[in-house]
Structure formats: C-alpha cells, structure tokens
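What follows is chain A paired twice: with chain B in the first complex and chain C in the second.
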Partner chain A sequence: MKYLKLSTIVFSLALILASCSNSSDNPESADDNFDRGAMLANWADNIIIPAYTSFNAKAADLKTKTSEFSTNPTVEKLQELRNTWESAYVSFQHVSMFEIGKAEELRFRNRVNIYPTDTAQIEGFISTGEYNLDLPSTIDAQGFPALDYMINGLATNDYEIISFYTSHTNAEGYKNYVNTLASTISSLSAEVLTSWTAGYRDVFVSNTASSASGAVDKFTNAYIFYYEKSLRAGKIGIPAGVYSNGVLPEKVEAFYKEDISKKLLLESITATHNFFNGKKFDGNTNGPSFKTYLDYLNTIKNGENLSALIDGQFTVAHNKANELNPNFVEQIATDNTKMLQTFDELQRNVVLMKVDMVQALNISINYVDADGD
Partner chain B sequence: MKNFFFSASIISALVFTSCSSDDSVNPDDNTVVPPATYTFKRGGESTVSFGGQTTRIKMAGELKSALMDFDNATENSLLAMYAHEAGNNDFSDSELNASDKSLRSKTAASKDYFSANASESTIIKATLEGFISSQVNEVFPNKMVVASPGVAGQVADGDKTRYVNQYGLEYNQAFAKSLLGALMTDQMLNHYLSYAILDEGSNRINNDNNITEEGKAYTTMEHKWDEAYGYLYGNSQDPTNPNLTIGEDDAFLNEYVGQVSKDPDFSSIATDIFDAFKLGRTAIAAKNYEVRDSQIAIIQKNVSKVIAVRGIFYLQNGKNKIENGNVQGAFHALSEAYGFVYSLRFTRNPETNTPLFTRSEVDALLAQLINPADNGFWGITPETLESISEAVAAKFDFTVAQAASI
Partner chain C sequence: MFPTFSKYLNKSTSAAPLAVFRVFFGLMMLVSIIRFMLNGWVYKLYIEPKFFFSYYGFEWVQPLGDYTYLIFIICGIASLFVALGYKYRLAIIVFFLSFTYIELMDKTTYLNHYYFISCVGFLMVFLPANAFFSLDAYKNPSKAFLRIPRWTVDSIKFLLGLVYIHAGLAKLNSDWLFKAMPLKIWLPSKYDLPILGDLLQQEWIHYAFSWSGATYDLIIPFLLLYKPTRWFAFALVVIFHVLTRVLFPIGMFPFIMIVSALIFFDAGVHHRILGFISRIFRINYSKVISMANEKSFRFKRNFTLPIVAIFFAVQLLLPWRYLLYPNELFWTEEGFRFSWRVMLMEKAGYAQFTIKNTETEEQFVVDNDDFLTSFQEKQMSFQPDFILEYAHYLGNHFKKQGHENVSVFVESYVALNGRLSQPFIDPKVDLLKKNESFCRKDWILPFNDEIKGL
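Moving on, here comes the complex of A and B:
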C-alpha cells in the first residue's frame, strides 16, 4: 500500500500548487448558480436509471440462461451462457460507477465484480454446499469473476467443463452454485434498480445542497473513486505491476475467458467518458453534466478549458487502450510497456478530475487511502 | 561473579584506558559529537546489541497474524505464543522457538511504573490475554456470521472483511495496539530509559571507567540504552540507519513513528527520535550524563506523542466514516483507536516522570469508546468521538485537526 501513501503526498502537493495557480481563474465559485438539480435529473433519468434498466434485463437473461444450461448441460448451452455472461459483463461496466444509495448499501460493485476470484473458496463452498453470499468474506467467490471460473476456468476444453455439470460426483453442487451466482447478480441488480425507480430518484435529484452530504458531492466522490480505484488501478495498474515488484497477470479482469479484458476496459472508459459529458444512455444527445458545470464556471487550466482537457484525455486514454491485445495476460507477457502507457494516460485524468475538477466544483474528496492492514 | 569481573576489569581498564575509549569520543573532554549512523565501537568491536528486542518484535508480529488464523489457532496456542517458554514450538520461526524471551513477561513490566504495582501489571496482562481468549471464544465461532449490534461476526470495510466482537471491536487490533504501549513503549520509556535502570548499581562508575559486561564489548549503561533503541528499530532493515525504512519494519512502534512522520504537522518526529537516541548514546560513551538525560526527555516526549497522534487520527477517521453513513466501515479505525487509547497509560511526561494519563483516565475514555448500552461502536456518535479526541489532545501541544490530517 506504500504507493497509495506516495499518491496522497503527490495529490496534496498538487492541491497546494493548484490552489495557488487556479484561484484567479475561478472567480464564479463564490456565487455558483449552476442548476445542480437539472444535472442530477439528467444523470438519474437519462443515464443512471436507463443503464440499470438495461443491465437488469441482461442480468435476468443471465439467470435464465444459467438455469437452462444447468438443466441441460451441453456445449451448445455453455456457449450460449458464455455469450449472455459476456453481454451482461459488458453492460455492467455502465453501472459499476454508480455506487451510491442502495448500491452502496448492498456493496453492489464488490459483490458483482471482485477479481481475482478465489477458486479455493468456491470449490470449498461447492463441496460442502454451505455458503452465504451475503457474508463480506465471500465477495471474491461470487459475481462475474466467479461465473468466469465456473464456465471458462474449470477445465481447458468445453467437454471437460461440461463434465463438472454432468458426470462429476458432485455435479449437483456445481449446478447449484452456478445458479446461485447468476441469481444473486440478478436479484442484487433488481434491488438497486427498484430503489431508484421507487423513490430514490427523487431523493437524489432534490438533494442539491452544495455540501459533503449533497448528491453532487457524494456522487462525484463515488465517480472519481470508481475511476481511480476500479478502472485505472483494478483493470490496468494492478495487473501491470504498478503497485508491486513484478507484473500480476493473474489479476486481470475476466482472467479465465482470456480475450475480453480489453473489451471490458474500453467499455468502462466509454461509460465514464459519456457520463462526464452527460451523454444520454440511449441516445447521442448530451445534457447537463460535469462538462457543462465546468463550462458554466468557465474553468481554465493552463489557458485551456478544463472540460475540454478532460474530454480530450478520455479520448486519448481510450485510443491508447485500443492498441492493447484483447487478452491482457498476453499483453503483459509480450509488452507490458503498453499497459503502463495506458495507465499513464488514465492517470492524467485522475489528476484533472480529482484535483482540478473537484476544486472548481468546490467538492472535497472524502475517501482516504486505507492503512494496508 | 560480577564482583570478580569488576575488579579484573578495573585493573585492565587502568592498564588499557588510553586505547579502550570509544572511537567517537575525545577522551580529553566530554563534548558529544554524534556519528552519522547508530554505530558505536570499542576497540574496533561494535558495542551495540538488542537481540532480545528484535526477538520480541518478531514474536509479536507472529502472534498478531495468528490471531486471524481461524483454521489453525486455538486459545491455548495463542496464549502459549504470548507467554512463550524456551524450546516450545509456538512460532513458525525456529529461532523464536529456541528463545527464552517472552512477550508476557515484559508486558507492563517497567521498573518505574510497575515494579511496585504488581496488581495493575496483573490486570494489564489479563486484559491482553482476555483479547486473545475472546478472539477465539467469541469471534472464531462467528467467522461465517454477518455481524450486527450485539452479535460478533463479519463486517465489510470496502473490499476488506473485518471480524469483530459484539461491540464492533476487532480484538486483533485491540491486542496489537495495546501491546505497542504495554510492551514496546513501557519497556522503552519507563524501563530502559529510566534512571533507575541506566544508573542502577555501579552502572555510572563502570561506564565512566569503560568497564564492560563480562565477555561483552559494551558497558551495562550502553546496553540498556540500546535495548530501549531496539524496541523501535530492532527489526529495521538497517538498524544503524533505520529511518531509511521507518514505518515498514514492524507493525508496532516502528510503523506508527513512520506513519505520524508522514503528517506534515509532525514531519520531523522520526528524525527527532532517532537523533535523540544517537546523541544520547554518544553522550553515554562520552560520560556526559546531562546530554544523555536531555535526550531521554526528547524520546519520552515524542514517543508519547506518536501514540496520542495516532489514536486521535483513528478516532477522527472513524468519526468521518460514521458521518458519511459508513458505520461499519468505521470499526477498523475505532479498533485501532481503542488500542492506542489503551496505550496512553504507558506514555511519559519527562517533566514529572509520570504517565500523561492515569489508569482511571484511560479507563474512562475506553468506557466512552465502548459503551455496552449503545452496543459499542454500533451506536457511538461523532460527538463522543470528538470529545474523546479533544480529551487526548488537551494533554499535548497539538490540536485534534493536526492529528487528524495525514
């Protein structure tokens, strides 16, 4: 965890520097009349709820396909299940950043996408048949990464994988577990979506206060936390060895599927980029957003619009990521430098958002790096 | 035996005085010029030794880990690690197993605070053993239970899982941070840096005359000083220049001296402590006890401050999480805070040579921290945490805000 401490110091220094250089660029923040409610409404109605609605349908489909597969474990059904799993996993990249309200309460992201998955724990659960996926200690035995192991990682070829669900002495145990995994994702997703549509939307949109408990402040913290920890560090930094003495290819996302780690990364960059611009989930038009908020405040950094800098940096990072091998395990083995270059481009937006943007919006970052123990 | 050695040494000292004095000292006066690193020699041989402290830090590290070993640890195995006896296979490290050192025997065992206070020493040992036993008897059985108010089990802390008792307390944290005070700090500040130990018996005369311990290169006073040093730097990668890795060498005093020195408000504290150890040790070799004593005061003041700063840091960290609606996420910080507050009893005010907090003051703070009527951490309020923080800071020359920042 030492790197986090260093980043804290760098961040603090950056804050000090930023506070010296930007103060005169941002005279409006004292009387900020930006319509936060309209921005929150655009976020909730045009992005968050549609994204959850879309994901929830895919999660329900995943549950159905898993059930069909376990009833009739054939190679064909396995392929179908894989396609559905991949589609839902891609869709999840659009909702993973919204860890607020019910999602925060349920620890939604930690229950759906903690990797690497703990295969020993999974095998233990299957063999005893005793498990409670509500337990915090089981987050690395559930979600998409656990399903990845169950449908891609049990053996090296499809016939052997099928055998765990057919001829294995504990085939029932494998069937039960794979169904529990899929139905847990589906029920968690439904719970979060229902919360948004049955009242939380109004609570969120009306909480326009400019304070630590205001919706904009809380959501901005959740968004930047996601971008920094889950996207930048989780998908690229940790497997590329940024925080360790060597590379850790076993920590890539979708390790057992092998060839979609890049796809998931690109999707998450697109999702966070679109959110920054306020782009509607189901359309091409943009609404009130971080971008328009910064433009309203006329935030300038080094002579350029901060919103344009961040927008452009998302594109740069996406393009850099697009040069990577679809399989990050291979990319790390053949040329880890490209992983590190992608990390660097993603990191530039951590600084622009976590330092410059929050300062312009007068929001304080309320999460601190953990102790390490 | 010692008397015989003493007279023999006097003779040899008389004969060899001119060539046996410490390398770093001018024999003609007692000016004190510290070396660049904690390196002291007599006749070309190092006089620095603190193997027993290194052993205890390692024992404490193994025990801290073993408290979370749900699959293998038992109440008996953990208590045996705490009260180790030479030859018993309590640890994974065979050198520790062979050692005759024990954590328990040095818990609340300083000359100044506990030599005439066996009753409190016994209570403190029982408290630490209670943490161990309760971990096995209360938390281990609920390993696979979701904790709730009044029920031990798991809580989520980000992507980490914490195992807590019915009040939200992590016993392993309470144990480790209390041991940091009851063993490392107490032994350092109130035993080895005590005049009663440094100047015990003939220590001054022997030190003045370079009369070393039998078969050793160091005088008794030098060795006592080094034993104090070892409780902070005994597990350092380079014990002669330990600030290169301060904070990374153990999970006890070293870690938290390092952590506190990362706070810009206390950025010189690691340097101040090390420099005082180095200068004080040089002063002993130079027979300058005035300089030695002023360094003792610096060390006592600053190590005490580390405990208070870190305690407040965790109290405030927990308070912020509760204010952000993340009550269970606060338990880890509050468990650390519990141990640091417990450790305040072992701090020392060099002006009065007494602890900054009495037993009853510490007990009163702990009772606020874990109030059974509120189910402990489950129901604690930000206001209570603020008031405990203020009560701790009031005895020091820094503010709650300074301690709370990183």
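Moving on, here comes the complex of A and C:
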C-alpha cells in the first residue's frame, strides 16, 4: 500500500507542477516551444502574398495583352499573348496550392485551372453570347485551359486561328469571350490578393489554434490535398492512365500549347518544394516552415529525420520529372512508363507527407470525437 | 467458498447509490445524444457516407437514411426515461438496443467509451435501478425499496474497475513507458493551451504523463474502494478526466467517468445528492424515503445472476483474446477493439487500391474520395479489417459496373507511434480472395520492430 501511495504522490506532484507552471512562464521567451505564429507569418509575408502579387501582375498583363490582341488580331500580337499566357500560367503554379481564405471561398483553383477544357461548351457560349462564368457549371469553360484553346487550339496554324477573330462570322463573339476569360482570371486574382493584404493576413497569422479550424491544420490539409490531387494525380496520374483502363493524353495540362506540360509540372514541384522548406518567394533564404517544424518536433521525438526524407524526395521527383519530354502527349505515346515512374516518385512524398508528416504534426482532419484507437 | 459467496449474494445495501447512478447516467446520455445531433454528426457520419464499415457478423445493421434521426430521438427519449426511472425496464432495454444499434452502424466511429456505455446499458437492464427515487417507485409504492442486493451496486463498481485495470495493463508496454509514445506526438501539438502549452513541449512531461497515466489506471479502483483514500481518489478522478478532456477530443466521456465514480461512495453521500436534487425539483425527499419498503428488493426471476455472471466472464476474457494472435497487436489490431485499449497509439496510413483485370492485366487506381468520407478514409487506411471490407466493396462495385475478372490490390503504408511509415498490406495479394474471419490475417506484412509488454 505504501508503494501505491507513493505513486499517487508522484502523480499528484506532476499534476500540481503542471498547474502551477504559469508563474514561471514568460510568454516572451518561447524558446521551448515552436512558434507557429512565426511560421504562419513567414508563409503569409514571404511566400503567399509575394507569390500572389507576382501572379496578379502577370494576370493583369494577360488581360492587357488579350485586349490588345482582340483589337488588333495579328500573328505578332497572338505570339505576344501566348508568351504572356505562358508566363502567367507558370506563375499560377506558385499560388495554386494556397486554397484557403478567399481563394477557398471563390474556389480559385477550379475557376482558373480545370482541364481538360470543355470546347463544346466554349463554342456554345461564344455562339449564343450568353454565359456567366461565376456559375459552377462553367468551370471547364474558363481559366488558363480555356484560353489555351482560344489561342492555340482553334486551328492548326496561326493564320487560321487569327481568322476566328477577324473574318469569322462571329468574330465579335470570339473576341468577347477571350477577353472575358482573361479579365476573369485577372479579377479573381486581384480579389484574392486584396483579401490577403486587406486583413486576411492577420486573421491567418493569428489563428495559431491547434484544432481542425486552426490555420496550420487547415493549410496543411489544403497543401497536401493540392500535392496529392492536383499535382500528382492531375498533372501526371490521370493523363498517364493510372486511374483508368488505358492512357488519357487529352487530359494533360496545356493540351493545345503542347510543349509546356513538363514546364508547368516542374514549376509546381519547385513551388511545393520551396514551400515545404519555407523558402522566400523572391529570395534564397529559408524561414520557418514544415521543415523547421518537423525538425523541432524531432528534437523531442528523436525519430527518423523526416524533413530530410521529404526534402530529398522532392528533389528525386523533380529530377525524374525532368527526364520527361516537354510535351506529355508525346511522352505518353512514346514511353508512358516514364510518366508512371514520375508518378511513383511523386507518390512517395504523398505517403511521407500524408502519413508521417501529418502524424508528426498531429494535424486533425476533422472535428469528431476520437480517442486515438 | 460457496457458502460465503451465497451469503454475499444475499447481502443488501442502500438503494441510493444505484439510483444516483441511474439519474446521472440517463442525463449524461441525454446530453450526449443532443450534443451529437447538434454537432450535425448524425448527417455527417451516418447519412452522408455512401458506404458503411460493418462489424463482422453485424453487416445487417445499417443506417436508415433520414430515419436514422429517429433512432437518435428514440435513444434520447429512452435516456430521459432512464433518468426519471419511468417504465425503467422498458426504457433501459430500448436505450441499450438503440444505442448499440447506432454504434454498430459504422465501425469507423468506434470508441471505447461508446462500447463502455453499451456495456453499462446492458448491465443496467438487469439491475433494480428504479427501486428508489424513480417515477416507477412513486407510482407504485409496492415497488419502492430502500435496500437492494449488494451485488447489484458492486457490479457497476466491478465493471468500472475492469475498465480502469485493463486500460492500465494495456499501457504496460515499451512504447508507452520507455518512449512516451504516443503522448510525445499528441502533447506538443497542444501548444496553444493557456498555462500548459509550453510545458507540454518538455520531454520529461511526456514521461510523467505516461507513467502517471498508467499508474492512475491501475490503482484508482483500489483507491476508490478503500474508504480512507476515497475522497482523495475522487479528486484524482476529477483532475485526471478534466485534464484528458482539455488535451484530447474525447467529448462527454470524462464527465461520464467522473459521475460514474460516485458509485463508490457510501449511501450517505448519495442521500445528500438525492436530497439536493429533490430541493431543486421541490420533491419531498423524506416522503420518498418513508414511502419505500424497508425490506430489500428481491429478484423474482432467477436468470438474472447467471446472465450477469456470463457477462462478466466475457468481460474478463475478451481483452485477452489478442494473445491468440501471434503478431504485434498494435500493428495488426487483431483483438484490439473491445479491450479498453484507450489512447494507446497514434497510427496513420495511406491506402491506394488498384482494380486489375486478371485476364488482360489492365488496371486502374481507385480515388477513395469517390466512395469514402475523409474520416472514413483515415480510419480505413490503417486498420486491416477496414481495408479488406472496403476492397470487397470496391470489387463488387466494379463488377456491377460491368468490369470482368476483377481483382483488388492495395498499396498501403502505415506509421505507428512515430515510426517511419512502412508497407502494411501485402501488395501482391488479391484481397477479393481473402475473407473476413477471426483467423489470423496472413496478408498483413510484418511489423519489423518490437513493442515489448502486455
């Protein structure tokens, strides 16, 4: 009985210590705790807002170039527009993963990059002149993929494409539609950026709660969702036929442009990789992010060096993707196994992030009672 | 032995503790059911999903679409009747059946404390919890008793003791004691608690919590039984469960355990509680007492004791059935549920299913989002019986869609208690060829590590 009493004394001591610790706690010195607020601030100030700012300028440029092209549809203007479209599309790979706040509310990614685009719906909209791109039913008739069709896919050569905007009986309809597409991307982007700069940044950074509604949990879920569904499955898995009987080359990103699907993939791998490391959007220094958070937790846990594994796997996947043909349609036709190998390398990080990282960070996916069994 | 035992069975005790237990248990259940419905969980967990994971042998228990709400309402009303002691026997049977039905609908939501409530509900069917301070006793004073057989009150204590002891024994393993796992994962993530947040980052705290948690579970029943330590023990119960409530998302369970622990107190305490309740509701408590028979309640039927005895025999054996399986329990989970293994492991997984045509070798990967909610997918991805059941569901689904020569394979990874994720299910096994049973699941890959202990 003495032994039992001793244990209870030890136990109650632990509890008393636990409940009295606030007297010695100084909220300023958070040395013994990872500062989630600083991580969120690094994400918002050094990555998310700069990335949106950069994308927003490109989207505005795209709107201007589209308007210039439509008032003066020449081969040169078309080429200029294509270059701007490509540069904005590449820039979009850096913001697509941030589906939180205004972007989540607008379903930004769905409005800007659903592919394959629905050409029949687009042609229908152009011929009737009646469309409302705010409707969820129109997501496969807008964004970069729809623009891709409008500037690369209407015909096989540039002169024929231009004829849609000059000599076509409904040239006005084509001009209007291409302008609406570009200005919609631009206004959506402006709306998201404004929300971040006009208040959401502070909401995000101060929401350090450790629950399913906390910014870290929500953002981590959004980030992994993007990596798993949009990057791994969307850019590689679906066209390579992982989810179907047979390959689906018509589902590659930038299908009509043909030669930039690899460029977009590499850019998005780099963007997610940099984000993992907390690398500043326009700089080379790293701030607090998943990597430092995992490293901090590992000082407690003394387990495998998870952050190094994930970091390394991003590089492996990037290198594997770099072996691909710039045009995924060709790659799928000539040697689809390379696509599948890239998928496998990307997949390894899905496991490391969705299982190991989420476990280490103890991210909740849902608000529901659970006792861990 | 037998004479002493039959003498024990003939002993009587005050009916007040069981009456208090009944009142609080009924109210707690009512609150739990209302909370569950207000949180929108009925829809989210039982109506929204397309597919439900069934317990082996209970595949016939399915949600009833929108009528599922009705089961919850029935369960809530039954809880209230139990608390009031109105038509008690019928109410507690309806409660037990409706509550258990809810739990059997989808094992995704399995929680030890739901199982605990089913156990208590079952036991209470056989106890004279309405003998005192109940509407039944008020309406029919011939059924009102001041005393009831002592074993009926002790049976609740025994069940509580079993829960604590088994929970404590289950913690005697190397992960819990020597790695402070999984608390080392869980506690640091509560960084935002006022006061505790920073402290929970300390390694020594993780060990202190692990060791004191195991100690608490193992000794608390004895401290509650032993009169001199009873109040101290009850204080510990309150602190312990309030702390778990603060740290973990375990809903109503801590309050249920705190209230249940009151049963260990003497009749005097319970009379004071009932007197207090009486004053609130303007009930003449001394009249309640004077109305009741001085004699002890006696069971009219003699099947009660054998049933309760069998119930406890099962309770004593069930947690140990894992010993019949050779592999690591935490890894295979063969014999894991219904054993009071609470908060023992942090497990997460990833499972990607491939449908393959055995003739043409054509194959494609399934998007789990098409079939499961995120909560179901999370639970499925690390529990072998879920993976098997889901594989069969997928097989049937694609056969119905006209696919031929269907086989189902899974590529899966599981991370357990902070270990790096590793392959979980044999990816070469066609899961359609395997069937659920109580036999060993030889298609689970080896754990490649050892967790020592019980």
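The criterion applied here is as follows: the second predicted complex is superposed on the first by the 326 of 373 C-alpha atoms of A that agree within 3 Å, B and C clash if a C-alpha of one lies under 4 Å from a C-alpha of the other, contacts with A are read in each partner's own complex, and residues count from 1 in each chain.
Convention: a contact is a pair of C-beta atoms (placed from the backbone, for glycine too) under 8 Å apart; a residue touches a chain by one contact, two chains touch by 3 or more.
Source: prediction; values computed, not measured.
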First (chain B), second (chain C), both or neither touched by A:K301: second
Touching partner for A:P136 - first (chain B), second (chain C), both, neither: first
Touching partner for A:N33 - first (chain B), second (chain C), both, neither: second
First, second, both or neither for A:R107, with chain B first and chain C second: first
Touching partner for A:T74 - first (chain B), second (chain C), both, neither: neither
Which partner reaches more residues of chain A (counting touched residues only), chain B or chain C: C
Touching partner for A:N170 - first (chain B), second (chain C), both, neither: neither
Touched partner set for A:T64, first chain B, second chain C, both or neither: neither
Touching both chain C and chain B, counted on chain A across the two superposed complexes: 8, 12, 366, 368, 370-371, 373
List of chain A residues in touch with chain B within their complex: 2, 5, 8-9, 12, 107, 110, 114, 132, 134-137, 139, 212, 366, 368, 370-371, 373
In the complex with chain A, residue positions of chain B that touch it: 144-146, 154-162, 248, 251, 262, 317, 320, 323-324, 332, 336, 406
Parts of chain A lying in touch with chain C, wherever the complex brings them together: 4, 7-8, 10-12, 14-15, 18-19, 21-22, 25, 30, 32-34, 36, 208-210, 214, 233, 237, 241-246, 297, 300-301, 303-304, 306, 309, 347, 350-352, 354-356, 358-362, 364-373
Chain C residues touching chain A - in the complex, by the definition given at the top: 39, 41, 44-45, 109-113, 182, 184-186, 188-192, 194-199, 201-203, 205-206, 208-209, 211-212, 215-216, 219, 222-223, 232, 236, 239, 243, 248-251, 253, 336-337, 341-346, 348-350, 352, 357, 362-367, 374-375, 378, 413-415, 418-421
